[in-house]
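Consider the two complexes below, in which chain A is the common component and chain B and chain C are the respective partners.
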Partner chain A sequence: MIKLPIAEPSFIRTPDANAREVFHSFSRGLCPSCKRPVDGVRVIRDGKVYLRKQCPSHGQSEALISGDVDWFLRSLTFIKAGSIPLSYSTPVDRGCPNDCGLCPDHEQHSCLPIIEITNHCNLECPICIVQNKHNYEMSVEELGKILDGLVAKEGVLETINLSGGEPTMHPQFFQLLDMAVAKKEIARVSISTNGLRCASDPEFCVELAKRGVYVSLQLDALSNPALRVLRGTGDHRAARERALDNLERAGVRTTIVSTVAKGVNDDKIGECVELLYSRDFILSLMFQPAAFTGYGGAHFAPHNPLDVMTIPDVVRAADQQSGGKLKKSDFLPLPCSHPSCFALTYLLRTEDGFVPFPRFLELERYMDILANRGTIRPDESFEGAIRDTIDDMWTSAAQVPDGAKILASLKRTIHLMYPEERALELEERLRIGEGLVKTIFVHAFMDVHTFEVDRIKKCCTHYALPDGRLMPGCAYNNLYRDRDPRYAGETGTPRIWTK
Partner chain B sequence: MRLKGKRVLVTGGSRGLGRAICRVFSAEGAKIAFTYTREPESAEKTLSELNEGKAYRVSVLDVDGTAAMVLELESAWGGIDVLVNNAGISQNLPLALLEEADFDRVMNVNVKGTYLTSRAVARGMMRRKSGVILNMGSLAGERMIEAPIHYCASKAAIRGMTEAMAKELSRHSVRVLCLAPGLLEDGVGKNLPGYRLTDYLAHVALGRVGTLDEVARFAAFLVSDANTYMNGETVVMDGGLG
Partner chain C sequence: MNPVCAPCVTRQPTSHLYYGTTKSLCSTCKRSVDAKIHFEDDKVWFHKYCPEHGHERRQVCSSVDWYLDALSFVAPSTPPRGELKPVKQGCPFDCGPCKSHQQKVYLPVIPITSACNLDCPICYTINKNDDPHMLSKESFARILEHLKAQHDELDIINFTGGEPTMHPELPELLRMSRAAGIRRLTVSTNGIRLRDEAYAKQLADVDARIVLSLDTFREDIDQVMLGARTVKLKLEVLDHLEKYDVTTTILPAVAAGLNDADVGPLFDLMLKRPNVCSLELHTMTFTGQGGVGFSKAEDGERSARISIPDLHELLRNHTGGRIEPKDFVPSPLAHPHCYSICYVLMLDGGGFVPFVRFLGRAKMYDLLSESIYIQPREKIETMLREAIDELWANPESCVEGEAVLATLRGLIDRMFPPGIVLSLEERQRIAERASKAVYIHSHMDEETFDVARIMKCSVGVPEEDGSNIPTCSYNILYREKDTRFADPVQLKERRALPIVR
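Here is the complex of A and B:
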């Protein structure tokens, strides 16, 4: 037997290795100048991950893609096979990302279709990821075609989102909303809004509640200085607080969406978490590290692609600013999209607060549970995971912090979702579950600096267009939006709110 | 009209299978009295489906209330011919979360309640040397299936109680039977997740769950005068579970 020499650590470790640049992998992104697909590499430097690309015409460019190499490397193990849609709209021709619609090379179906029903908006946010031209309102016929197309491609849909522009400015808003709500194949309809109409019109919130609509309320912070940098002039704080009050009074199930820009509101993450914890009608919180596309791509300054917020930066800030409520280890990458695009944690309501699921449930063992939706479905995977967890915790209760409290909460959850006096329909059970579990998401959109082809191939957040195409969100924003025939023509007259 | 003139008491008759039994028995010509504990509106709905009915808000664990109800029915009707012990509950709890109070509650309602009501009603039946007691069991008490252990234990206990009671009361010409349905369109089975229902149905020869009316119609036969030679049996009705 040949005995190989064993290398001593001193032979294979390079002094100051952590400070040196290390090649990680090849990638393919966009040239930030001409937006052509170009080859690149991911390199690790100073504990962070950077994307470096080489454009034949415009030379080298570099951007930060992960603020924590440990998070980045671990996230790559969060992979599961995607689900393909029932049909595609475009053939494979020029190669990703130039065949979008979806083409058969795409590796994930549409988890969350977004329908932009208008490009009118009453804000002109410096950080906006789209470029509103104030010249388009979706027709009833167009929405009908989109909804039919979505059902044809997906069969049934967990959620669709009506967006804009500001969707509540559409003159036929409720007519369009009712069309979506009436579609029996669609379980939930949400709207993305800046909240100005919710703030000024309590009856509008009541109408949303009557229809069971979910609201994604854009709210980056609770203080005006940060909000004005991101959203422009006006007393945004007062408007957002009125919107929150009106939504709460009407009982509208709400998600807070916070765009986080480095040096602007990255110190406000804790107050958003506090808002989620303190108000029952807020079911989830979505942090979106700022991406610099659309209006914001051209207007937001200063923007240094080497010093931006990434998912692990948001997670770290949540750990530091939440007073112990959240830890870095409470968050997990989402495996059904690309793990660099989403992270999340679920929070179980207990008698005196919330406990993040990963503190008692080994979510990494049950990746099927992780999905980019606010509701945990009581399916086979979830039931199996919960039953394993209950048994594990019960047999080792003394070793799990708050074990008894968590078991009591799980029992209460079962009693509410499976009451002894009557059987519930699945949807009713899900609604009860919404009051017992909250979710925090971190969704990293890509701009021309951070765009990567392998991420876009697994994108499950798609814009649904009237021509039948489903456009992966970041491909559309970076490469297709300015060619969308709906928005061609002269820029209309904006009606900007400046109170 | 298989139950023409029969005087029937059904426990837990305001919803689900209990309501179906009341309705079908009434259509077969019986006078119906039923108990309920929670929703008066549901009891009203059951009453509205009966030709002749009385509703009593009394728990099967309320000994005095049950005695008063039986006394009132005996006075009004001159006797009770049929008792259907249908009231029952279940809780979807794994062993780890199943505490003593949970176990006691299910056993109390399902087992002790059956015993207490039977005892109150059997007294008159024994005196008149006539009567039928039908206990509602469950497949969960007959087969090794995934269901809460206290519920399964309670339904297995009902089977045992049925046999002992049948033996003891046979000398008074009172028959005692147990009907054990599989999953039905309503009731405890309705809380099953879809994937578990699919798995269950894959093993059912008829490929579907039972309806409440199917069970109620068979129950009507079991307690009728057409059925004179069954006693102490537990009849499983599950569409052919393999």
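Here is the complex of A and C:
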């Protein structure tokens, strides 16, 4: 019996396979003109993978879906079983993706629920993937219902995320945040923010730190021309630096979220990696290849769907721009989501820097460690993997580059996280782990060009709606958001920064 | 309870792995529906949903290992040429082929008549004997013209029916094809008419190749599958074919629990008869006038369902490991789940060794990239010479290395004699007496239908208007609407017949 994921799958190609177009598979997508579900095929050409669709009314369209065929082929052998929510909100009726909420045909639970508490925003980012109408603020009752619904469906949750719009603009922000933090079934609460409030209000950061809240800070680059293209007017560089300083000073555990647009900031990936390596309060880094939905989809139109960033393009750029810190081989597809949606690597802190886990540990062998989480889960399987690796390296450390250093770090990790004197609470261990292991994710959202029914069925990033539905992220962004009854009214007045 | 560790306690992992989604057909109404591809119990399942008929779960392959192994082979597409149908309803309802089709036809299959002298319970197509359809010479000539225009060089066509030998002008149609420059003409037959030795000789004289359906050596099983006892007759026919040295393929439709035990003996028959150059195993498919009801239980399950990896296992067991599953490769010209192919070299001193053992899988796959059936062109000479060099340097690298080396040298000398250029036909004959092939060909029915496979189909049914329809689409959706072959009233009665077994 075959064991998935396959660590090193081999592929046999005819000699002319690289010179001509290869049909890979069928995939149902959306017509970029009318958004109706249409037949598509995945084809391989010039080492890349394209989705080619045929619409009965609008003819043929094509989009790049993977910038590296080797990554793509390997990723499809990289899967593990999904997990079933305790209940569903919608029946299977019209068929995917028209029954979202989740329906019983969905293949993954809500690993990362996102709650959009407002659609007000003080930025007007040209790359925004949502369509903010500046007319909605979530009520306390609505959030209460959503949180209860999440607990009913998930039992307990490792993380929930409050987002928007810009969630920090919600007049009752802390009241809503405290409701989420107080929920004992929810282990961690994170907020997604553009950082403007963090930059202008150090006290706000202190309040976040007090509550143990994690911040996902939008930061596409550290230099301005690129930022302005993606984020609009204003001195974003100064704002982001102040936000970083305030968060650091307050001790807020932070994730950097960088939207990567081809030709705009894809040369700043090394800069973001450097930031992760150099500042302790930054636990993880999330790259999101730009998806062209919502406001951004309209603003960047017409973008060239054949020339966009994909997961392996980000991985390649990280390899090229990090001065040897990261290699392509350090990254793996995430097997619990659809393998085309996520990639990741973990970094172990050593005495003088970080070493990616795949350099000393076959992550494929330790599937339970790989998860869509901001940090590693320090449970028994993690401990087992580290102890196994220490045993392996005892004999082979001489052959592994930096072997002695890694071995010392692993021993220190075990010593700190699993001390012999007393058993630590998992939460305490998690805190220690955050200081020892950092994470880099790449998360690819889909737009009408790249949308695949195949992928949406295993989506684990879900928007939680007040009506109880949990909407797979890209289905919601592409097909449901513009019909959300919450935003049905007149568009409100935006309060845009610098305007 | 600490929440961070708790999800593994409260939520359960699925018992399956979700591999992806393709498009299949609802088994009840044949409309196209999403099919989630699940791996469970080491098998591959389609989990379909039809808005009208609900959920349906079907096993499509008995081994995840083989399913993924086949998908690890990558070959370029050769799209069809000429006028393509527009995409209107989506695959597979725009056939002809349409603009979504990914592969041109490499094996045209031409049903020249609807008449048949058997009425097989397993028949996976639809025929009628009342007012039977007989393809006219004029229509056939037009089909040939289109085929020639669509191909730089057409290597092969297949004549089928009904029973093609019931077409009074079959020899003439064969001669017309020969005149059109097509080298391999294969006739798929149940063999009944070939018992007439003079007729057999007549086909041999135009160098037709016979694809003889022979499912079993057991008359009782034959009765269940074909509704007749034909074994003795077919063995007689095989003697005629051997007498006239007609290149022959044995084609069993393999049904689990019925004739799967015959696969080994049929393989032995191929080895034994010098003119039998290949065994083409068709996994039982449940379409057509017989197939739709065959071995169907009340819950829709098919006891006779069998898939490619099952046949690999049968052959492995029968040959004591002289043929292993990894000795098979897919066809680069079709979807990798449609064909599984193993060539064996017949050693001079007796016995055989699979080509993969001395060529490796990559070269074997490459050898198949010009035609569904290997053509003995220069590429094979180069590869065999490389294999000879390799074996010369390292005879231990292959089972029976010395014997393989000696056989290959003799074969190269005969196929590519120094100073003489043999015709492709002459080389083909030499190659086919020195090697044999097992082709496993898996057709689809509405239960196992996968749109990815049909998009890459290279086996087409050509019409005189220049169109052609991929075979499994044809069998499932199009033939039943073609009144030349299907009598709607008769068909309806047949479908109402009680379930067999």
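By definition in this document, the second predicted complex is superposed on the first by the 473 of 499 C-alpha atoms of A that agree within 3 Å, B and C clash if a C-alpha of one lies under 4 Å from a C-alpha of the other, contacts with A are read in each partner's own complex, and residues count from 1 in each chain.
Criterion: a contact is a pair of C-beta atoms (placed from the backbone, for glycine too) under 8 Å apart; a residue touches a chain by one contact, two chains touch by 3 or more.
Only a predicted model underlies this, so the values are computations on that prediction, with no experimental measurement involved.
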Contact-wise, after the overlay, does A:D379 reach chain B, chain C, both or neither (first, second, both, neither)? both
Any idea whether chain B or chain C touches more of chain A? C
Quick check for you: in the superposed arrangement, does A:I414 touch first (chain B), second (chain C), both or neither? first
Name the contact category of A:R483: first (chain B only), second (chain C only), both, or neither. neither
Going by the contact rule set out at the top, does A:W394 touch chain B (first), chain C (second), both, or neither? first
I'd like to know which partner A:L426 touches here: chain B for first, chain C for second, both or neither. both
Enumerate the residues of chain A that count as touching chain B in its complex and touching chain C in the other. 379, 426
Chain B-facing residues of chain A, complex: 378-380, 383, 387, 390-391, 393-395, 407, 410-411, 414-415, 418, 420-424, 426
So in the complex, which bits of chain C are touching chain A? 1-7, 9-23, 33-34, 36, 39, 42, 47, 49, 51, 55, 64-65, 68, 71-77, 86-91, 99-100, 102-103, 329, 332, 361-362, 365-366, 369, 450-452, 455-456
So in the complex, the part of chain B that touches chain A is made up of which residues? 15, 38, 89-94, 96-97, 186-191, 193-196
Under the touch definition given earlier, write down the residues of chain A that touch chain C in their complex. 1-2, 4, 6, 9-17, 19-23, 25-28, 38-39, 41, 43-44, 54-56, 60, 73, 76-77, 79-86, 92-96, 105, 107-109, 154-158, 184-187, 377, 379, 425-427, 430, 453-454, 457-458
